[in-house]
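Letters A, B, C and D mark the chains in the order given here, with residues in each chain numbered from 1 onward.
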Amino acid sequence: MKEKIDRLRKMVNVLQVVEKHPDLYFITLEGNQLVMALGYLKNTLNFKHLAFMQAVDYLEDNKFMLTYMVYNYELKANLGVNVFIDREESSMFSIHRLWEHAWQYQRELYEMFGIDFPGSPRVDEPFIMESWEEMPPMRRDFDTLAYSQKTYFPRPGRETNDPKEQMKKAKYPNYPDSPKIRRDDE
Amino acid sequence: MNKISESKYKDFVADRSKYPEMENGKPVIDLDSHKFTKIWQGPQHPGVTGNMSVEIIVNGDEIVDAKTHVGYLHRGFEKLMERRRYIQCFPIVCRICVPEPDTNEYCVSAAMEDLAGIVIPDKAAWLRTLNLEMSRVAGFLMWLGGQAGSLGMGAIGQWTVAMRDYWLDLFEEMTGGRIYHMYMIPGGVRKNLPLGFKERVLQTVDRTYKLLDDIERVFLNNAIAKSRLKGLGIITPEMVSEYGIVGPTARASGIADDIRINQPYLKYAELEMKMLTSNIGDAYDRTELRFQELLQSLDLVKQILNKIPENGEIQAKLPNVLHWKIPAGQTYIKAESTRGEHGFYMVSDGSKYPRRVFARGASYTHAISVLEKLAVNITISDLAALMVSLHTCPPEIER
Amino acid sequence: MKLKDIIQPLTIWKRVAEEPWTIKDPLTERPGADNYRGFHQNDFAKCIGCGSCEEICQNAAIDLVPVEGQEVKDGNSGLRPRIDYGRCCWCALCVDICPTGALTMSNEYTWIDDDPEVFRFTPGADKTKWQDDEKGYSRSEDIALINFDRIEMEEKAPEDRDKSFIEIVKGYNKEQAMLEADRCLECGLCTATCPAHMDIPAYIAALREDNIEEAFRILYETNPLPEICGRICTHKCETACALHNNGEAIAIRWLKRYIADQIPAERYKEVLGTEHLADPKIGHKIAVIGAGPSGLSAAYYLAILGYQVKIFEALPDSGGMMRYGIPEYRLPYDQINKDIDYIKSLGVEIQFNTRIGQDIPLEDLHQEYSAVYAATGLHLGRSTRIPGSDNSEVYFATDLLRKFTLGQDIPVGKKIVVIGGGNVAMDITRTLARLQNQKYGKVDITATSLETEDIMPADREEIVESREEKAIIEPGWGPQEIEIKDGKIAGLHLIKCLSVFDENGAFNPKFDANEKKFFKADMVVESIGQGMDLSYISDELKEKIKMGPRGRIDVNEGFQTSVDWLFVGGDIIKGPDVINGVANGHIAAKAIDKYLNAQKK
Amino acid sequence: MKEKDIKIIEKEMKLANEGLPEMERDLFADDRPSRIEPLNKYLEQFLNWARARSLWILAYGTGCGAIELRPLMTARFDAFRYGIAGRPTPRQANVFIIGGYASLKTIKRIVRSYEQMQGPKYVIALGSCTINGGMYYDSYNTINRIDYYIPVDIYVTGCMPRPESLIAGFNGLKKKIQAGQCDGMNKYADNFDWYKANQKQIIKDWNMPDYNW
């Protein structure tokens, strides 16, 4: 595995290598070298099986992390390829020419994260959602609970009590709160 | 398809390449010409495997173009898990694949353990292996009935689903749940085996052998099944990696890739099993191979029962699960379900909640890319059989 | 197509006569498996309403609701889970996490109705046909989602500690504290039991998040003596802990100590945000009598409210009973100083060696100060009044402890008997044992109490540690007579004590005079409780003050007496222990603030 | 009443079928659903008796619940003996089993299938998800309460309800039918506008006829 990654290093700039298990490595690449790297991985290094590609939303860094999981039948090992892309104008090179089923994932990511893959077949057709008008739901700033409560009529009549507050109400309702520390200007 | 007609598959394949005209590799379909009809098969249709639909364009009864539509069962598990604590993820994932929930449970629990650096006790690993293998048996039985049913042999469906029910009884005893077992809690399993469980499993195994013996004669050696399944939906070895095909579907095309053997997890390394492959890759081959795998799974169940240690811990020590934080990292855990590679990709960021969980369902590509390709040039009546022979499970596609 | 393929399927007809697989009557023939996860049951005798089930439910299916007949008690919120079967997924995580094992599941699984509103019920309270089913799912002993075992506290070995007064308990290190804090369920049942109602779950949560400073601020919201309480608090909270029902309670006291230990004294003001407070500006001056826990607590809260506070203390150093009653091996003096120095740094003045009543009359204080808070504590020893107890070799524990702290020589007998089973008795026992060890090289001391061991008021660990230090504890004996020979003590006669309290819970010991015991001794220490000394209140004033039962001063909610400028609190009103004193001081400070604000208007 | 007024009322009673393109509107009816009034008492009793004995369910597995329909309909539980049979098309079915959660995409099909079923028709809702959202209560893609979109006659709890529960549910439905209390369909006709408004609130692209009998 190490040897394969070393060979890959000669081709592209490998930013980071993490060995999670002997048969599971994660490497980080630069976005613009990704297609070349995946092509090399597939055709030369024999990572022939694309198990999945997915995105992770790092809202606070304003980045998406794309993960391509490839598998080598001879080595019997998985390699996860991570690239970071900008979250605002999220777009990535399509790999549908490398794998016949990659367009499915790209179509899903377009719908669920709003990541565009120019050139990917049927990428803007609705895939899972139908008549969806909100932001792509898998983005972290989409609040699914709030949306559900707003839209789907949760059954009323639920109320709960906090044990701590309940005991305060019953046993020491008048116990003083901590005094506020006096400020000079008061 | 041109290649196939000259290759070793030619005996099995009818020549259906007349329609439609091809232009630049794409069929020319003009719906207004009244040569073609567009039909939706599903979601409300007894011939689809679960709640999905295929939009087919037919010429006569021959399909010239197919598009799969999914999303009828989308619940947004991955989003839901992002707002659930780690321990709370474990009961919901089993809903991702209803006929065979345990693979999901195993993967998500193992992913958490992997990220948190927890090693599960020996006995728990054995119990998990048993549970997984039993669920494979149940899953295969369900599929077998479906495959026969898709050819109109409803009786076989009656037998296998009822037999699966006996396996569900065992699950109920072992885990406390009939369909959703929620057994493989992070750190181990929830319960020890009940008294006398082993004997009851062996009885059911014997009963299943007997049933499978019948089914082999009635279904696999049936002239109708043979004539309809042979040559249907041929998957060549080249297609396997191009389309991300996994599991028995890939093995039937000669790709020797079984995660239980190649990257053994849990206790599979200690079990005797051999890689089952076939080389034609048509629906009949897949059916036969799955049938062999079902027999193999029964054998594995017997092996596991002999090897489960009597005593031992069943759960590793967990931190308080109400505020369990897992250090930042990412991992991909996969297991061999009846449909093939079922994996969970989990990313943690050091907080109480997973950053991202992705469930890679084995039939993700089977039901869409592969089905759309293989459905072309077959008849409507074969579509159901083809779908079942790819063993698609819609809820794991859209999650 | 082969002929075989056509004929073979027909062989299945041989099964036509077999018994069918169909279940005749599925509704009655098929109970759920023995550990089937069916509908919920709740054993109200066990349930404490901690809400862990609500917390872990990933479907938000559980609400906590008050249930008729379930009272709010210490360690029991009176709330019970109400389960919405429009949400439940029968995963049984609520059963697995239940710290008391009250919540279980029956193997019943059929419930149909045409009204969707009915699928919401309180197991245990609402009548269900499965409430008493025995079969069904319950938490397996083999698994645990929470940790019931406390992280062990390291202590100095008995042989290392029995000669000196260095602190015994080492305190948690970071890893241990984190692990211990991790066990907390955050139910908050403890908060009600703590006399000062400290926000225990919040500071444990802050500690778990590795936010010591926030935790420290939370401590000071309700308790200005965290170093002290973190060591010697009577930790009533731990008896209310949800984990206490089935395992070991969270070591709340040690966690408090850990938090306070992490902040060095010079960072107190910065962390607590009181750097600007050294110079109080609100005009009112307030006098506090007694620099014990209650006085200090009141002084602290008054100080951060901006009042000018002066404490009058009869002894030469601050701390009251905490310094003069508790031996150093339990509570080192530098820790007392750490807490008190911070209070002093907020502008609180302490005038030592000034006994109100003798040096300054109480009324005079009122001339100069707007309000007075008297927290004078219990310093008088109480005698058993058995024959021989008037001998000069019979001492009061509090006197000995005070004298020892003051640096005076105290008598150490070769064979000592201590009468009493409280913490003070253990303190004097262990102090004298150390002194015996230093003086004679061996320990010969016996502590005896009326109460049997299970109801002895002393903390369990005190008894254990005393024994480790070779003191003999003999619970369950009533002292009868101190035998005097030639003016010297020869020993103590005791008879068996059968019960201490009567049915009504009143103190009314019963003895068996036939079973006798005799301890040889040349010194006897009495430690059966303390009395208050109210002599500083002049007779004139006493007439104005309304007195309550048993010689106690009657105070209102805010510890105000019927003389409106005089507030009284601490051990003389409630207790005796440190945490009650702290609570009283806090309440009194707020009451004084309210009283003075009202006067202004 | 003047003829003109009658015409206006008639027009108001018609459905607009706004979701359909102009040319398709003629292909679908624009009548509202109507109540089924009970006939003469004894005849109605007989009819109810008969209806309770032929419950034909629509073979549409809308959610996880479908998984337990297979054991129910096969050898072990053999629901056929209770007069319960699966039918492939809504036109032949009179019981609709909502198998748990219904996603946005499915609820559209559920509404359409339900409306296509011939009356009198009944709905059995399975599992927590149909009552109050179940474990998907916070999902953006599943509804919380099925009774906001179609009327429900019997709820069966469980996740999943076992086949035995389902049989109990059928028994409950039978009792209700025989007592003549199953008026879900009439409820739908009476509160048609309310149901439609709820449906249209979540189904954003309403590209089907308003009522689809």
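General observations
As a convention for this text, a residue touches a chain if its C-beta (ideal position, glycine included) is under 8 Å from a C-beta of that chain, and two chains touch if they have at least 3 such contacts.
Predicted, not measured: the structure shown is a model, and the values here were computed from it.
Counting C-beta pairs in contact across A-D and across A-B shows that the higher total falls to A-B. In this view the innermost chain, defined by its CA centroid being closest to the centroid of all protein CA atoms, is A. Between the Cα centres of subunit A and subunit D there is a gap of 39 Å.
The centroid of the Cα atoms in subunit A and the matching centroid in subunit B are 25 Å apart. Subunit A and subunit C, compared by their mean Cα positions, are separated by 47 Å. Look at where the CA atoms of subunit B average out and do the same for subunit D: the two points lie 32 Å apart. With touch defined as above, residues shared between interfaces to two or more other chains in subunit B number as follows: 71, 74, 76, 79-80, 83, 91-92, 162, 180. The residues of subunit C that reach two or more other chains are 21, 58, 84, 86, 89-90, 116, listed in rising order.
Shared interface positions of subunit D, i.e. residues touching 2 or more other chains, are given as 75-77, 105, 131-133, 135, 137-142, 145, 159, 162.
Within the complex formed with subunit D, the residues of subunit A that make contact are 128-134, 137, 142, 144-145, 147-149, 151-155.
Note for the complex: subunit D touches subunit B at residues 58-64, 66-68, 70-71, 74-77, 86, 88, 90, 101, 103, 105-106, 109, 113, 135-136, 138-142, 159-160, 162. Interface residues of subunit D facing subunit A in the complex, by the touch rule stated above, are 104-105, 108, 131-133, 137-145, 148, 198, 201-205.
Residues 1-2, 4-6, 8-9, 11-12, 15, 21, 32-37, 52, 55-56, 58, 89-93, 96-97, 137, 140, 142-147, 182-186, 205, 208 of subunit C are the ones touching subunit B in the complex. Only residues 75-78, 81, 125, 128, 131-135, 137-138, 145, 147, 152-159, 161-165, 167-169, 171-172, 176 of subunit D touch subunit C when the two sit together in their complex.
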